[in-house]
Amino acid sequence: MARTSFLLAGLELKNRVLVASGTYGYGDDCIDMADPAKLGGLITKSLSLKPRVGNPPVRIVETAGGMLNSIGLANIGVHRFVKERLPFLRSVDTAVIANIAASTVEEYCEVLRILEGEDGIDGFEINVSCPNVMEGGLTFGTNCGAVADITRRLRPLTKKPLLVKLTPNVTHIAEFARAVEGEGGDAVSVINTLIGMAIDVRTRKPVLSTVTGGLSGPAIKPVALAKVYEVARSVRIPVLGIGGITTASDALEFLIAGASAVQIGTANFVDPAAGIKVAAGIERYCDENGIADVGSLVGSLDVGKGVSILDSWL
Amino acid sequence: MNDHSKMMIDLCPVEGVRTAGEGIFALSFSSAAISRSVRPGQFLNLRVEESRDPLLRRPFSAYRIDGNVIEVVFNVVGRGTAAMRGKKKGDLLDVMGPLGRPFDTVSLGYDSGILIGGGLGVAPLPLLTSSLKKEGKQVVTFLGARTSAVLVTEYLQDPHIATDDGTRGFHGTVVDLASATLRAHPLSRPRIFACGPTPMLRAVAAFARAEGIPCEVSLEGPMGCGIGICQGCPVETAGDEKRYALMCKDGPTFDIRTIKI
Amino acid sequence: MARTSFLLAGLELKNRVLVASGTYGYGDDCIDMADPAKLGGLITKSLSLKPRVGNPPVRIVETAGGMLNSIGLANIGVHRFVKERLPFLRSVDTAVIANIAASTVEEYCEVLRILEGEDGIDGFEINVSCPNVMEGGLTFGTNCGAVADITRRLRPLTKKPLLVKLTPNVTHIAEFARAVEGEGGDAVSVINTLIGMAIDVRTRKPVLSTVTGGLSGPAIKPVALAKVYEVARSVRIPVLGIGGITTASDALEFLIAGASAVQIGTANFVDPAAGIKVAAGIERYCDENGIADVGSLVGSLDVGKGVSILDSWL
Amino acid sequence: MNDHSKMMIDLCPVEGVRTAGEGIFALSFSSAAISRSVRPGQFLNLRVEESRDPLLRRPFSAYRIDGNVIEVVFNVVGRGTAAMRGKKKGDLLDVMGPLGRPFDTVSLGYDSGILIGGGLGVAPLPLLTSSLKKEGKQVVTFLGARTSAVLVTEYLQDPHIATDDGTRGFHGTVVDLASATLRAHPLSRPRIFACGPTPMLRAVAAFARAEGIPCEVSLEGPMGCGIGICQGCPVETAGDEKRYALMCKDGPTFDIRTIKI
């Protein structure tokens, strides 16, 4: 049986499959259908300092092979999270990573400080795809200096793994990953959703109340994989691959491209046990192919004589 | 956490698809586990195809339970429902359920259930009828539809009928019919259970408020997961502070006092 | 019957549906199955100065709701094009736009000069998604200065419509559109393919010989639509919307978002008459909705109280 | 431009799906127009589902023509072929064809056609057999497969059989069988037509070159459009200069002198 566990900046994960922020609630909703103890880790919905009610309907719409969402980071706020949801998460035998969203650097720090003082949080993932209220609504995530700054400010506040989750909506995602690495971030999560849009042609209105939203699901898998490949070649810290992963075969592509672990998002909506099945499938693949440690797959892509697109023409 | 019946995913053999009205179909499949625990007003989330397009499950009210067999009723509005129509006996259907908050039939303090259904909002009413009768309540049913051909009156108890075009029963909306009838013949300690298009539910709510009758409505709208993990199905709650409940988890049935409708 | 024609910088198009570069060959392959005279226009495969044999196999792979390609701009070169293919295109009663690809600014100019001298070319579309050999393989398309420079250099060489086709693989696509507008470009085509990747997990090799490739098809439609919306709000020149358009409803979304016309790409591979059907469907929609001129749909999006994602949180 | 028969898209009623071997199926559908013009070695590009996933058409060799009815033979390797297996009589199938360059059966200068098929490479051989016989050629057929259960020997003329596991006929590869047989019993002015996996075609080509026998092979690989507009199906051509032909338009059948194999 292949070794599946993985040490993420000192944190032992049972396997390399986590559930992604915003796609598994706080871990308790799916308990009837999937045992979280079989996951490598569970990442919470983004937590902000104050509760956020989220955006008005419509918040989601299906697209070809994917979906758009504009949830608006609806969450109960870090204080209620600690009081109402953390006790359950403490009882679950899997790594729990708290995802943090904020609109000022100070707010990121504050939320992290609150959580750092609590038992049951094993690490942090920083969602930088939020608008910076200081800079007039421009998202932090598309500003490399801002991402570096957030990492620098958060790093001293915790010894636990500090992950930064990058947005794909930039020209050179690897620059952002290098900025995180440079400031002592332990890992990067790649990718958050792509900006997308849908229109109801009967009413000529946007389907989503926010006009645009975030595209996720199988449709974005090829883009996510290319971003992971780009990032993994540019930094030494681990990369967590995310985007459209539904099957073990999808996850294997990410590992082979250079991800040290993967996160399952939209697929949970179809099957809350998707992550568990993906983990089992990865193990089966390794056993069938005589691979003793899942880790040896990471970055094992054989590009042969292949030249990257930068050297060729689309 | 959902504190109703345990939810599960079951691969259910399809029993068949039959016609239940003009352009209206009923799909039945069997699941011992799910059929046992479904309660009126709850829904099932169907994976209509093993495909990445359509990607998400499709929610349908539990329409009928007969032994192990569960039936849902639908009309073809898109690719998901088109695929459902094409199912054949023996096909396997991936069903998640039972989901959501059922109608609150066990509340004390009412003697008669008033059931109001508009269009395919009839779907949860047959199960609700059986439940109410088991609990010894009086059941009075009002059913509305665009036209007679799309009325689905099966498994209901002597429904009062309204059609928009007057092709059967009362010529007008089901809410007009229900309010006129109930004002003329008041019932003892009534409680309203309604399901249908939002404008109809608004009219029902207005009537219930005016008459001071307790009222629950079953809502419908886009859903991502059906189990509370995507936050994709907000329903604005009553009260001054802006807040949202989740249609899939806190609903789909809501007491009208708890939401803005 | 709704008015469908459209004046693109002086060039009359019969309707607002064109076939996209690289997805209709040189117009003659589909003649049995689709009458090009029913299209608003036909854009040629990218033409380079010298013939290009293109990339080795594998060049295409299907993905969820889309496909990746790395054709490598295989084309017969501008000289053979003029000799062998242009005569057919002259005989077709539709607008013919020559798409040009090059790896130096000089080469762009040279190809345009050659074509400018020929009858039968009604306009030019500049593909900037090619690596700049001068700058060591970095693509022109992700460098705003380079895009401005190409437009500036080409503008004096022709009075015909000059379109620049933008890549979506940038942070702020609107900047690129503004650069084109500023240099006198007549229109922008939005979008080219997204960078994506696929791996064969059995061999642990990239599926495409070029490792990464371009993602197209319905999967990218939400992204393309958001980019078109962004660009259309930022420039006054017409925007040609491209990306995943398969049905009339898809095309209507682009028009409503602000595209003056649309291009059909991948959908041609499934049905070479897709563009003709889309054009007919747009007309039917207008007739059913009492719209006298398709043009009045352009940019008719009713955002109501909707706030763009930049003002909200994903 | 394709200067072979006119290509078209036709919505074809499915006649049925039958089993043609272990895990091998034959799907038939009717199209008066396409059936009339298909020639041996040409293929059809099927839209197996009205879906955006799978998105692209799937290419299949024309296996049999019987009046208006066209048959293709396949095994289930992915979602497209799985969907084909599930087709029912009366379903409508969106078929583009006939596509590609047929086998060159009208070349002068040969008396006997040697047909070599490996696995489902048998697909174009029945049509080819009829054509050759109509033209008065002698036909000698060699068929290879992994094991006896997956051999499809219908509509062929007394095929010589080879199986990798020896469960039927010659124990070994079909090329070993063909070369041994043909060296032992040379035919008058032969011409080879082969279809199968690439390693097999390489072996056939090597044999043909060694013996100086004219040889055509039918290739297989990923296709985007099937009609020459995507440039997605390159086949390296013979000669020093690096150049590509298109499998869908210049092939799928190629004279081995024109390509690198």
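Lettered A, B, C and D in written order, each chain numbered from 1.
Methods note: a residue touches a chain if its C-beta (ideal position, glycine included) is under 8 Å from a C-beta of that chain, and two chains touch if they have at least 3 such contacts.
As the structure is a prediction and not an experimental result, all values here were calculated from the model.
Colleague: So which chains are sitting against subunit C and subunit D at once?
Modeller: Chains touching both subunit C and subunit D: A, B.
Colleague: Suppose each chain is reduced to the average of its Cα coordinates; what separation in Å results between subunit A and subunit D?
Modeller: Those two chain centres are 47 Å apart.
Colleague: So how far apart, in whole Å, are subunit B and subunit D when each is placed at the average of its C-alpha atoms?
Modeller: Taking the mean C-alpha position of each chain, the two centres sit 54 Å apart.
Colleague: Just how far, in Å, is the C-alpha centre of subunit C from the one of subunit A?
Modeller: 32
Colleague: Pull out every residue in subunit B that's touching 2 or more other chains.
Modeller: 52-53
Colleague: Can you tell me which residues of subunit A touch two or more of the remaining chains?
Modeller: Those would be 55, 64-66, 69, 71, 217-219.
Colleague: What kind of graph do the touching chains make: line, ring, star, complete, other?
Modeller: complete
Colleague: So in the complex, the part of subunit D that touches subunit B is made up of which residues?
Modeller: Spelled out, the residues of subunit D in touch with subunit B are 51-53, 79.
Colleague: Taking the touch rule as given, give the residues of subunit A at its contact with subunit B in the complex, in rising order.
Modeller: 22-25, 28-33, 45, 53-62, 64-67, 69, 71, 74, 217-219, 246, 266, 268-273
Colleague: If you look only at subunit C, which of its residues touch subunit B in the complex?
Modeller: Against subunit B, the touching part of subunit C is residues 64-65, 218.
Colleague: Any idea which subunit A residues touch subunit C in the complex?
Modeller: Result: residues 52, 55, 63-66, 68-73, 101, 103, 129-131, 137-139, 142, 169-172, 192-199, 201, 203-206, 208-215, 217-223, 225-226, 229, 244, 249, 252-253, 256-257, 285, 297, 300-314 of subunit A touch subunit C.
Colleague: Enumerate the contact residues on subunit B facing subunit A in the complex.
Modeller: For subunit B paired with subunit A, touching residues are 1-2, 6-9, 47, 52-57, 96, 221-225, 227-236, 242-244, 249.
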